[in-house]
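Take a look at the following structure, please.
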Amino acid sequence: MNGPALLLLLAGLGVIAWVSARARAIRLKVAAQATGRRGAMHSLPGYHGWYVALWTLAPSLLFLAVWGQVSPGLVTQAVMESPAAQSLPADGFTRSAVLGEARAIATGKQAGGFNPQSAALVEPYRAAISHYAMAGAALAVLLAFAGGAYAFTRIRPDFRARTRVERLVMATLMFASLIAIITTLGIVSSLLWESLRFFSMVNPIDFLFGLKWSPQSAAMGYGNEDAFGAVPLFWGTIFIGAIIAMIVAIPLGLMSAVYLTQYASPVVRRWLKPMLEVLAGVPTVVYGYFAALTIAPALRDLAAALHIPGASSESALAAGLVMGVMIIPFVSSMADDSIAAVPQSMRDGSLAMGATTSETIRKVLIPAALPGVVGGVLLAVSRAIGETMIVVMAAGLAANLTLNPFASVTTVTTQIVQLLTGDQEFDSAKTLAAFALGLVLFIVTLLLNIVALRVVKKYREAYE
Amino acid sequence: ACGDQAGGGASAGTRDQIRAVGSSTVYPFATAVAELFVQNNPGMKSPIIESTGTGGGMKLFCAGVGAQHPDIENASRRMKKSEFDQCQANGVKDIIEIQVGVDGLAFAEAKNGPGFKLTPKIVYEALAANPYGKGPNKAQTWKDVDPSLPAVAISVFGPPSTSGTRDSLAELILEKGCQSDEAMKALKEKDEDEYKATCTRVREDGKYVDSGENDNLIVQKLAANPNAVGVFGYSFLEENLDSLKDIPLSGVQATYDTVAKGEYPGARPLYIYVKKAHMQAIPGLQAYLDAFAANWGPGGALTKRGMVAATEEARKASADAVKNLTPLDGSALK
Amino acid sequence: MTEEQKSLMPANPKMSARDVKVFYGAKEAIKGVSIDVDMDNVTAFIGPSGCGKSTFLRTLNRMNDTVASARVEGTITLDGEDIYASSMDVVQLRARVGMVFQKPNPFPKSIYENIAYGPRIHGLAASKADLDIIVERSLRRAGLWEEVKDRLHDSGTALSGGQQQRLCIGRAIAVEPEVILMDEPCSALDPIATAKIEELIHELRGKYAIVIVTHNMQQAARVSQRTAFFHLGDLVEYGVTTDIFTNPRQERTKDYITGRYG
Amino acid sequence: MTTTRNPTDWKSDAMQRRIARRYAAERRFRLAGLAAVLLSVAFLAFLLGSMMGNGLRGFTSTQIALKVDFPASPLVLDPDAITDQALANANLPMVTAAIADKALGPDSEALLAPTAWTAIRDAIRADPRILSQTATIHVPAATAIDLAAKGDGTPDAEAAVDRLDKAGMLSTGFNWGFLTGSDGTDPAQVGIWGAFKGSLLTMFVTLILSFPIGVATALYLEEYARKNWVTDIIEVSINNLAAVPSIIFGLLGLSIFLNLLHMPRSAALVGGLTLALMTMPVIVIAGRNAIKAVPPSIRDAALGIGASPVQVVFHHVLPLALPGILTGTIIGMARALGETAPLLMIGMRAFIATPPGGVTDPATVLPVQIFLWSDEVSKGFVEKTSAAIIVLLVFLLAMNGLAIYLRNKFERRW
Amino acid sequence: MTEEQKSLMPANPKMSARDVKVFYGAKEAIKGVSIDVDMDNVTAFIGPSGCGKSTFLRTLNRMNDTVASARVEGTITLDGEDIYASSMDVVQLRARVGMVFQKPNPFPKSIYENIAYGPRIHGLAASKADLDIIVERSLRRAGLWEEVKDRLHDSGTALSGGQQQRLCIGRAIAVEPEVILMDEPCSALDPIATAKIEELIHELRGKYAIVIVTHNMQQAARVSQRTAFFHLGDLVEYGVTTDIFTNPRQERTKDYITGRYG
């Protein structure tokens, strides 16, 4: 029996279980109600139905899941015992390749094999697979009946079917929430593991404080020493994300928020606010394209006209400016929230003293909202330094340690992309460096976020 | 004992389209052939081609035999001995080497550039990290290198170390320039490693700008920086003659003819490598190779895209390789 | 206004409202109220929740301007000047007609800065020394000086609720207002703090025209000399406090005072 | 306490001047705010405008009306046996070159797109009788001609366009191929359907994973979780995941899904999984806010008549929070749809000329396609890149618009 | 409990609490309260804000279970059964001890669905016709039937505040509770709606044991036969309503009733 058919059969059994259990519960309920005692039937019949259906399905499906893991091993074992397997090569790698192929052909996933030997093994595979598939199906159905029968016998007026079913629902919800932890662990472990390998090749001190970044020459075999100093990347990242972008985003974002929340009429606000939000919805690859093709050449021409040395067609300024624009809605919505969180009574208090609106904003609202705004800016910074496409497309690859905004600098994210796309080699320091950079980025954004959220939260609480 | 390995066969499963990795120089030709292949073989899925650079591609290619590994490696230089050995070690036993054409390592500047005239020696002296082993390169402008050149700052956009183009730059130009010094020739005999470092290591003070795996990007940047020099495949130059112009090397212009005849110093063969073990397992692989062969001649679809056809002789050898699937002999490699 | 109503108004009004209507959008929250307030009496506004006490109070210093949907009709004068006239400068008006809110709302600044804020923005102090004098005087009047003089630079929000409310009163006083409007100033306070504020109101009486909104009838009886009873946007009854509480003329007033609703 | 009043003279000149100054400052401040908003909006307009300016041309293509005298052409084909294979064997590209030479003069093959012969093939396939006639077939023009016809070509090409135009052989029309085709090497022939389908498949995987998990997590945290260290860790994880740079998710996908679990490279499945992990926290946070916005009084009401906690949630809270959750989901999905960096990490940047058939097929997505095309050197790709951007933007703006609309519509004050 | 206190308890209690303490975290919100309520009397809980009326009320149907930090000590029985025993099913308990809240909180569903929800989840109706009967009966008892019978499928939230509150009472009645707890059911209502609810309480008396929390002493006097006065978590005084209001035994009660605080 093949998989879909088996699943269909089990689903059918589940439905039958649901219907019959529910019917039985209804009968019991009618009988119980005759006694007139309140709450004589603990749970609604539907819950009994679900309870039995779950008992029918869960064990058999669980079994199938386990069986799916175990049976290939059994199948392979059976095949290895077949005479055709005797001719297999001793070398483990080729052997498993041959076996894998034979299996793929046997299950119809592949037309022919890469290795000629696999043909001989197809038949034994086919036989073993169908043998174990039948066995698995039979066991699954048996389990379904056993589970269903057990549950069915438990239907009684005072049986708390609802509680049981709800407990399962809760367990499912809780399990879902654990996925967040698993993901975090996945990130940390994937970064940490590769980074540790990197740090076994390159001294972390050199990495974190070295001033020279040239992983390509390391890849050329000139040695790792001096090649992995990440300071120029850190500087480039900060220069673009935390300095230039913020010089654009903070005043524009903050003033936009102030204008929209404090001055704009509802009509104006209704139109302009979504437009700002649209800025946040534009994909970063579009910003990158725009920065690289429109802004960067214009800036280079400008720099050339002003005789600024080091002007490059991919400048920190181009990437930073566009990134700043991208961040505007972010800053503005954070500022908006913070200002909105300042109680109306503050504003009233100030206005009632005869302060003008701008005095109220500048002297009362913004100072009061400051922690929130600062937190928001930190979040924006963390967002900016993690931004990838804009810098990949517009910031360049030269690891310069420069203050000239018209010069090309590179960033952590650019280098990650650069090191990992193309070359897929998994044990050179060059590739592993990407993971180390990722780890640094992760830790920095993590810290920024923790601090920012703390600040914001603490300050919100102050007014609540 | 290895039963469970075979069991985890979901990914070892199957593939019904060709997968190629490797050189960005060969990439446009490979994709062009892929298109022709699909058009001529209705019903076939289009090959998946990733531009990873020759070196990066070799690593993927030589990782093993099976559906999860690519079938074809595009290379803008010959496979190295070390790579061949790695292939062998991973069970990639029979590899078919096919020269699909020739490419020139072109030097170019923007249309409105100053009009450089370069030689391998000049290039070496401008780009080497440690010219002739005499300490770090101090040249700031081209004039510092050779008085005949304009006094503009040295700025060369070129490919990264994983690319075959970079290997070709080292081999065809830098080493040649380096060997203009007798001491270096002697060094080669004495200390191969030292020689390599001195002759092929490129400076890292920002004069040579590592411009990523994608030659297109170099072209774009060049067009925007009139005083810079770009290094990339000849085909890219040809495609962009409206915004770029060629820089003659030792007085030879990079043209179809000079490259084809080998007069141009930067000419180099382009290859594809195919796993024999995949030939029968991947549908259409043979037809794909045939499509390559059908189009690599002079006037063929590939030369229209800027590839330079290989010599008659080389083409014939390659056609044989496609037909007979003759495996590569590792001992011939360096 | 009937003759009878007129006779109940104070003789020498500081502010007077005539036939004031307030609309929130289409909704009429105040339905034609006429009332005078003077310097000698504390005036209390009482009435069930939602009857428009706060709304009316806020028309007196044009705080309703900040509510986009609010619209005011009728005339309100301060010393005979129409406060809704275009020649009237709101910023100055609000300095002259101060306001204290239901929940103490000191700025999140130091006690000193809280008081100094108003004089600073209005340029009332020529020097730092001037400002110090103003701060001390205002805090004294608000009955808070003794309690805070040693910690003027602590945050105003660190004070207790009652102190905060007195700080707010001091803040209002600092700009030398002529009228002080208080909207349920004690409703967030405990009985002891309430008693202090009530005492303060007694002391301020006569120096400023004081209007206080309260939902606590006992409080109205304790602090005010005049009481206005609002109901559903109407001014039902206005008169001498003791009369209103002992001898209401209107049925509605009586019902309210005896706890039939509200 | 001596308290004499010393009233301020509000009418004094000094006071009036001061007031005037304060109002001037007020106006300046207000203007600065307005300027900030307008500057942002102007940037948006500029960005959209320049994309439109470049991109709209990408939706049109130039065609050359080629007069084909089949009997006189070197084509050898049996009209009664037209099979795919027969057509493939007929060496149509060469034939097309010959036809072009004849119709347009010598060396005019360069005027046609390299794939021009497919138009002739399609014409034959549609009606084999054409082989005995002379017919006019519209074939795509070469990129250079296409650009020149749109007013952005080299002098040579301009001349050729003039010549063709005079002969009435040039026509420009909507480029349906752009909406139905896939990646290619010739800008005149590329289309976005392949990438679009890749995006759809990826989004599908993302949605079916992140939505249920996100909603379940939000419900659990908001409604049931007791405050303990596990919940704390979950909360911290979610807040952090929402802020982790997207490229880190790419690294995760690379090292876990590809290297550890050996999932297929470049596949929509892996892309979707990676993006799902990224989108899930967004949905959780939006979901929690939406759930929080359901007034506790509703929960009290239900509990008060004896609903169980699970019933309270599924009968009352979830239906009421759903619009909010959906809004958050749409925003999260829009973000995922525009995401590029993590997908670069997992190999979704290959040349893929056929649309993916399923989630395990190699695929690329719209933003990555844009990235790839933006790197292409041929001038023809500039307008195609912008055109692809327009398609992506239209989608994203529609999604964001829907989210904003939903939010406004269901924004409820209880 | 002293003998005296005991003598004041109703003779035939439906629910009785003995030495109940409620903690929110470390804070003791209810400090050992013992009280009985019966079917024949409406019991009113009065006391100043924050004294624990609501908290205690919610212990009676274990609504406090939903507050993570809340902890209950002491025993509460319903018909002699300990409602905090592990064998007690909270869901059924809450069906038996219904609750009406301060702010009317109809579900955002139709009027019909509001009433039908409880019977449905408890499986009280075997058929649609059954359900219709239950809905009509409950609405009638809640005194709302005449007003809404023609628009049963309109949203419950579209009703006026007073109607909403009666809808909530009807919803509680629909599951056939034995006790109805009301937490300030009229505080959000206008006088007319309040009067209707008070009338309804009169009518329901005797059919259900009714406990009502109110901050309006006049209301307590009007609707209840027994009054419990809470202060700072203590049950200060409990007894026949008229006694409490005319002749309070405790000083605190007297102060509160005469408006000294609260």
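Think of it as A, B, C, D and E in the order they're written, each chain with its own count starting at 1.
Here is the rule we use: contacts are C-beta pairs under 8 Å (C-beta built on N, C-alpha and C of every residue); 3 or more make two chains touch, one makes a residue touch a chain.
Remember, predicted model here, so these are calculated numbers, not experimental data.
Under the contact definition, chain A and chain D share the contacting chains B, C, E. Taking the mean of each chain's C-alpha atoms as its centre, the chain lying closest to the overall protein C-alpha centroid is A. It takes 175 degrees of rotation, in steps of 5, to superpose the Cα atoms of chain C onto those of chain E.
Counted by C-beta pairs in contact, the busier of A-B and B-D is A-B.
Using mean Cα coordinates as chain centres, the one most removed from chain C is B. Taking each chain's centre as the mean of its C-alpha atoms, the one that lies farthest from the centre of chain E is B.
Note on chain placement: the centre of chain A and the centre of chain C lie 55 Å apart, centres being C-alpha means. Note: centroid distance chain B to chain C, computed from Cα atoms, is 85 Å. Averaging C-alpha coordinates per chain places the centre of chain C 58 Å away from that of chain D.
With touch defined as above, residues shared between interfaces to two or more other chains in chain E number as follows: 92, 95-96, 121-122. The set of chain A residues touching two or more other chains comprises 356, 359, 421.
Residues of chain D in contact with at least two other chains: 22, 308, 349. Listed in rising order, the residues of chain D touching chain A in the complex are 22-23, 25-26, 29-30, 32-37, 39-41, 43-44, 47, 50-51, 212-213, 216-217, 219-221, 224-225, 233-234, 237-241, 243-249, 251-252, 254-256, 259, 277, 280-281, 284, 308-310, 331, 334-335, 337-341, 344-345, 349, 367-368, 370-371, 374, 382, 385, 389, 392-393, 396-397, 399-401, 404. Residues of chain E touching chain D in their complex: 61, 63, 66, 68, 91-96, 98-101, 103, 105-108, 117-118, 121-122, 168, 171-172, 174-175.
Taken in their complex, chain B has these residues touching chain A: 1-9, 12-14, 51-53, 55-56, 59-60, 64-67, 90-91, 160-162, 197, 200-202, 204, 206, 209-213, 221, 224-225, 277-278, 280-281, 283. The part of chain D that touches chain B in the complex is made up of residues 84, 88, 93, 114-115, 118, 154, 182, 184-186, 262-266, 347, 349-354, 362, 375-379. Of all the residues in chain E, the ones that touch chain A in their complex are 89, 92, 95-96, 121-123, 126, 176.
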